[in-house]
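Report on the structure given below.
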Amino acid sequence: MSRVGVFVCHCGTNISATVDVAKVAEEMKNQPGVVYTEDYKFMCSSPGQGKLKEIIDEHKLDSVVIAACSPHMHEKTFRNAAEAAGLNSFKVEMANIREQCSWVHPDKAEGTVKSLDLTKKMIEKVRLNEELDKIVMPVTKKALVIGGGIAGIQAALDIAAAGTEVIIVEKDVTLGGHMIQLSETFPTLDCSQCIMTPKMVEASLNPNITIYTYAEVEALDGYVGNFRARIRRKAKSVVEEDCTGCGICQEKCPKKVDNPFEMGHGKSKAIAVPFPQAVPNVPVIDRDSCIYYKTGKCRICEKVCGPKCIDFDQQDEIVNVDIGAIVVATGYDTMPLDRFGEYGYGKYKDVIDGLTFERMASAAGFTEGEMKRPSDGKTPETVVFIQCVGSRDESKGVSYCSKICCMYSAKQTMLYKHKVHHGKAHVFYMDIRAGGKNYEEFVRRAIEEDDANYIRGRVSRVYEKGDKLIVKGADTLSGRPVTIEADMVVLATAMTARKGADKLAQTLGISYDRYNFFSESHPKLRPVETNTAGIFLAGACQAPKDVPETVAQASAAASKVLGLLSQETLKREPITAEVNEANCIACFDCLNICPYGAITSKGITDRDGNIIKEVAEVNPGVCQGCGLCNAACRSKTIELRGFKDNQIYAEINSLAV
Amino acid sequence: MSEEKVENKEVWTPRIIAYVCNWCTYGGADLAGTSRKTYDASVRVIKLPCTGRIDPLFLLKAFERGADSILVSGCHPGDCHYNTGNYHSRRRWTAFRDLLEFSGIDMRRIHFSWISAAEAVKWVDVVNDVSEKTKELGPYTEFQRINEKIKEYDGIFAEQG
Amino acid sequence: MKIPYYPGCTLNTNAKDLQECAEFSAEALGFSMVEMPDWNCCGASLPLTANSAMGYAGPTNVLIGAKEEGQKEGLEDKLVTLCAVCYNVLKRTNYAFNKDAAKLDTINSLLESDYKGDTNVVHFLEVLRDDIGFDKVKESVSKELKGLKVAPYYGCFLLRPHEEVGLDDPYAPTIFEGLLKSLGCEVVDFSHKGECCGSYSAMSNAENAAECSFSVIDAAAAAGADVIATTCPLCQYNLDSKQAMMKKNHGDMKEMPIIYFTQLLSMALGKDIGKISFKSNSINPLPLLKEKGLV
Amino acid sequence: MHSGHEAAKDEYIEQIAELSGEDVSLCYQCGKCTAGCPMAEKMDLPPSMVMRYMQMEHSDELKKATSRWDCIGCLVCGSRCPKLCNPAAVMEALRQEDMRKGTRSEEIEKLPVNFVKNAPQQALVSGFRKYVP
């Protein structure tokens, strides 16, 4: 028989005015298992809590019901107090007779009847409460950052600054991501390379940061505080440690290839770094284009290499790392434009996308910063910028707004005007979305000072006529069609999730939306967390974002990582699911329904180690305690601690008429 | 068990059991208190982490124990604290409702609602509405009579061993 | 290979040139088109508004007839058209039925029929590409049309709406180009191959139609074309017969012959130029063909 | 002003919406239809404006406009619409409404003899379909 103590709080007159608290205390004496009841003025006050401890001790209570305010208000208070008196904190329940009774039912008779019911209900429940221990988990004090663009670098630098080790895994040959491709950045027009290169170098020199470029995360095991990632370091064909970055191999390599860093304009070599400031400044052989890998002859790079670090036989290397937390910062892609035949991208050389314009405007880019259109190298006198190409387009693109295009189109008109003073920029837009610090002012500057002509409407077609591009658009403000003869057209293409983002999400066990952007745990209150504890998001892998937002989120993710890794052990509420292995029929409905991937299949072995049956297994580090599995389980095998079926039924039964 | 109350209709008050999730509707009900709204006192709340935790048998159990109506309320679609729990709850309900209807359960006695932690007024309105409708329907004697029968048969079976 | 053929309202009359040359070419390439009996008009346009059952009845009747005739006579299980408009209307009728079963039910109950929306409608160009093959066409060419710069004009109806018609990429189509290349022509890529000729506005507002047609001819001329090839009698009419009117507004415009694709095809396949009728051409293409040494 | 849920819908607008089967609320006024319309230059109310007037229930102005009689049904508007609207269907509905009410139509007797004699039959058939009640 249990020994329940019931404490009915007056809450001054907040409860006692409309509930006969003495009667409640008195009647509860008759409830089975109840050995002590009392009504008291302020249970949450210091004397109230003292009384609670005293009575627990004196009457050897094994469970407690406090009939008072909402558990959202004071459950923690009373559980801590009970724990101090040596009672397991999960043996304390509250009956909510204030928010859901005394304050809402002015009739004292009704309020009292309801309070009796609610208190009885919790007595019945608490008698079935189990003693639960908080779950304690060790923590590996090391973080992994996936992606080496501005988001990844910022997160890594912040984590490292706190003295915590961090590993950056970057898919590409160098750090830098998309940001290092940009010419100048809004709304300040500072040179992207000037602010990005120092960060890349800083990351590479920081002793707490290990960088794996040309590498990918292949698999992830474990749970918060205790992950293990398998990283594939693809063969660079160059011994990284020995390379001095002299660049002679690239210079002498006879094989020219298109340079993706320059968006297909400008050439690179089969052994190359994408750009001179690459970090690490170590070239990689592109085995698909290298003459030696194709024909077995050449090896010029090997001959000219001073420190002899070319290794044609180099194999991919697998590295396993143990980490406690992960920041995913894999960035974005831009939408392929082949589906927009009406704009002639791919057909007309002078129809380019925004990133190509960035390279054209960059002093280090394929035109060395001069405005020269791709077809004939002439200076374009009229440039048309088309916004929302693929964005806000349910027919051929995506329905969301890519968020950054309004700003970068405005910036690009400025960059253009600053380089071609007599030139004219036209911008076709649907809405100007310039909600950010100094953003609206920036767009107005493009219009008012730099003479950009903003036309509210979409473009229907672009076609060539002689050496001009005819742009057929509309001005919806005057309701008239508009035709512009342009020399160059720049398309502000939609930002999309990285190709393969869904696959990475599955590898990591995080969720993603229908566009393959990774999903945050809560859109307002947990914007950097994923639903998988210990994995955080930074930057455009979550949704379109500009640089300032990305940096802010990266720092936020870093602070989350540091908060997590600052703990010696992790403790969490033990309201998690548990499995009765004897009953499990291995239907795995629970595994499918679990939003967190907390359930796996486990093999039960006989003495000889043969698997004789499979059962569900809950990882308590990952389980968040929603109870979906409990409701879905057909054999009543998996149950949610603290909300087991018998506890709920006890509550229902207590309400019997 | 409730014969006497049925005959004596003027003192009868409906008994409504509400299954609500901890994060949205429970918060909404608390807010109704904090805002000192008043509403019908016939509702008894059972708090669960998520509406997705609700086993359809909870509903039947409540009727068996004398509930006249049941209210289920959780987070709005898309707002679930556990991402998808309320969707599962809704889907489970869709699959289960035909079965309940087929078994002869009075579907007018089961109410579903999405009430967020900010929607104190909605909580008040929904509870009053359910209570009003339940009063129109009267006590759920049909189910309670089945109970009596089941108990009778249980007795007979027990006697027969 | 024998394929049920639907001529529609114009092919036996105003566009006989288009049809005769197609028949000749089919024979030369080893297939024949069997005109289906008792055909009716397809309506020459599909209603755009909702609840427009009557507009679908005509084309449905055609689709049913082709299916029946094909089965009765042991012909290919498809229906070939020459006119781009017929093609468009018949294909979109099927599309509408496949998307909206209720619509199909309504029409079936109107016609007391049991049509399933499954008559395979193909354009003559598709037969050449998919059944014969452009390589085979090329082999069969006896007189290459060397030096003739041809602008392939699709107009609206072969390309739009793409989801419903689905003949080719609406912005980078290749089927017409492929055929012309196999005939030895120099294909001229031009910006207005899918723009409208003015269509039926020829009836209500000839000026409008002429303006539309002018922009097509202007673009073809700018791209260096000698001649525009078309598949549609109405396009041919608008582009060709309105050139006098265009000249009034665009004095410097040069006349350009507008020719049916089958006229070029049959010429290349050896049809005697004297036997090719150019009755529908108000701009006579013969001087041009002579100049190019093709006559 | 047309606002508030209770405000009665304009009868003419409702009729056009029903006839066309188009949900004009989908249109976000990007103007791509007007931009591509080969007749837009000549229209008093190009397709995007027709959609806007439908949204705003400017029925008097819509009734007065004549652009529907310039529409040639080339379907460029609908085929490039990012919101999957079809302004050509609205144009057709407006035209049909004109013809039902007898406010405008083409009269066969007045067609030029030359046209009737020489134009391909399909021009007459489709023209009658579109312009004659």
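Lettered A, B, C and D in written order, each chain numbered from 1.
As a working rule, contacts are C-beta pairs under 8 Å (C-beta built on N, C-alpha and C of every residue); 3 or more make two chains touch, one makes a residue touch a chain.
Just so you know, these numbers come straight off a predicted model, no measurement behind them.
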Contact-richer chain pair [A-D vs C-D]
C-D
Separation of mean Cα positions, subunit D and subunit A [Å, integer]:
47
CA centre of subunit A versus CA centre of subunit C: separation in Å?
54
Centroid of subunit C to centroid of subunit D, CA atoms only: how many Å?
27
If you look at subunit C, which of its residues touch at least two other chains?
170
Using the touch rule from the top of the page, what residues of subunit B touch 2 or more other chains?
none
Quick one: which residues in subunit D touch 2 or more of the other chains?
76
Chains grouped in pairs wherever the two touch, ordered by label:
A-B, A-C, A-D, C-D
Residues of subunit A touching subunit D in their complex?
342, 388, 392-397, 430, 456-461, 472-476, 479-482
Spell out the residues on subunit C that touch subunit D in their complex, using ranges where they run on.
8-10, 13-15, 41, 43-45, 47-51, 55, 83, 85, 156, 160-162, 170, 195-196, 198-206, 208-209, 211-212, 215, 233-234, 236-237, 241
What does subunit B use to touch subunit A in their complex?
1-2, 5, 15, 17, 26-27, 29-34, 36-39, 41, 44-50, 52-55, 58, 61-62, 65-67, 81-85, 88, 92, 124
Which residues, counting only subunit D, touch subunit A once they are in their complex?
28-37, 40-41, 45-46, 48-49, 52, 76, 80-84
Looking at the complex, which residues from subunit A come into contact with subunit B?
70-72, 96, 98-101, 103-107, 110-111, 113-114, 117-118, 121, 511, 519, 522, 531, 575, 593, 595, 624-628, 630-632, 640, 643, 645, 648-649, 651-653, 655-657
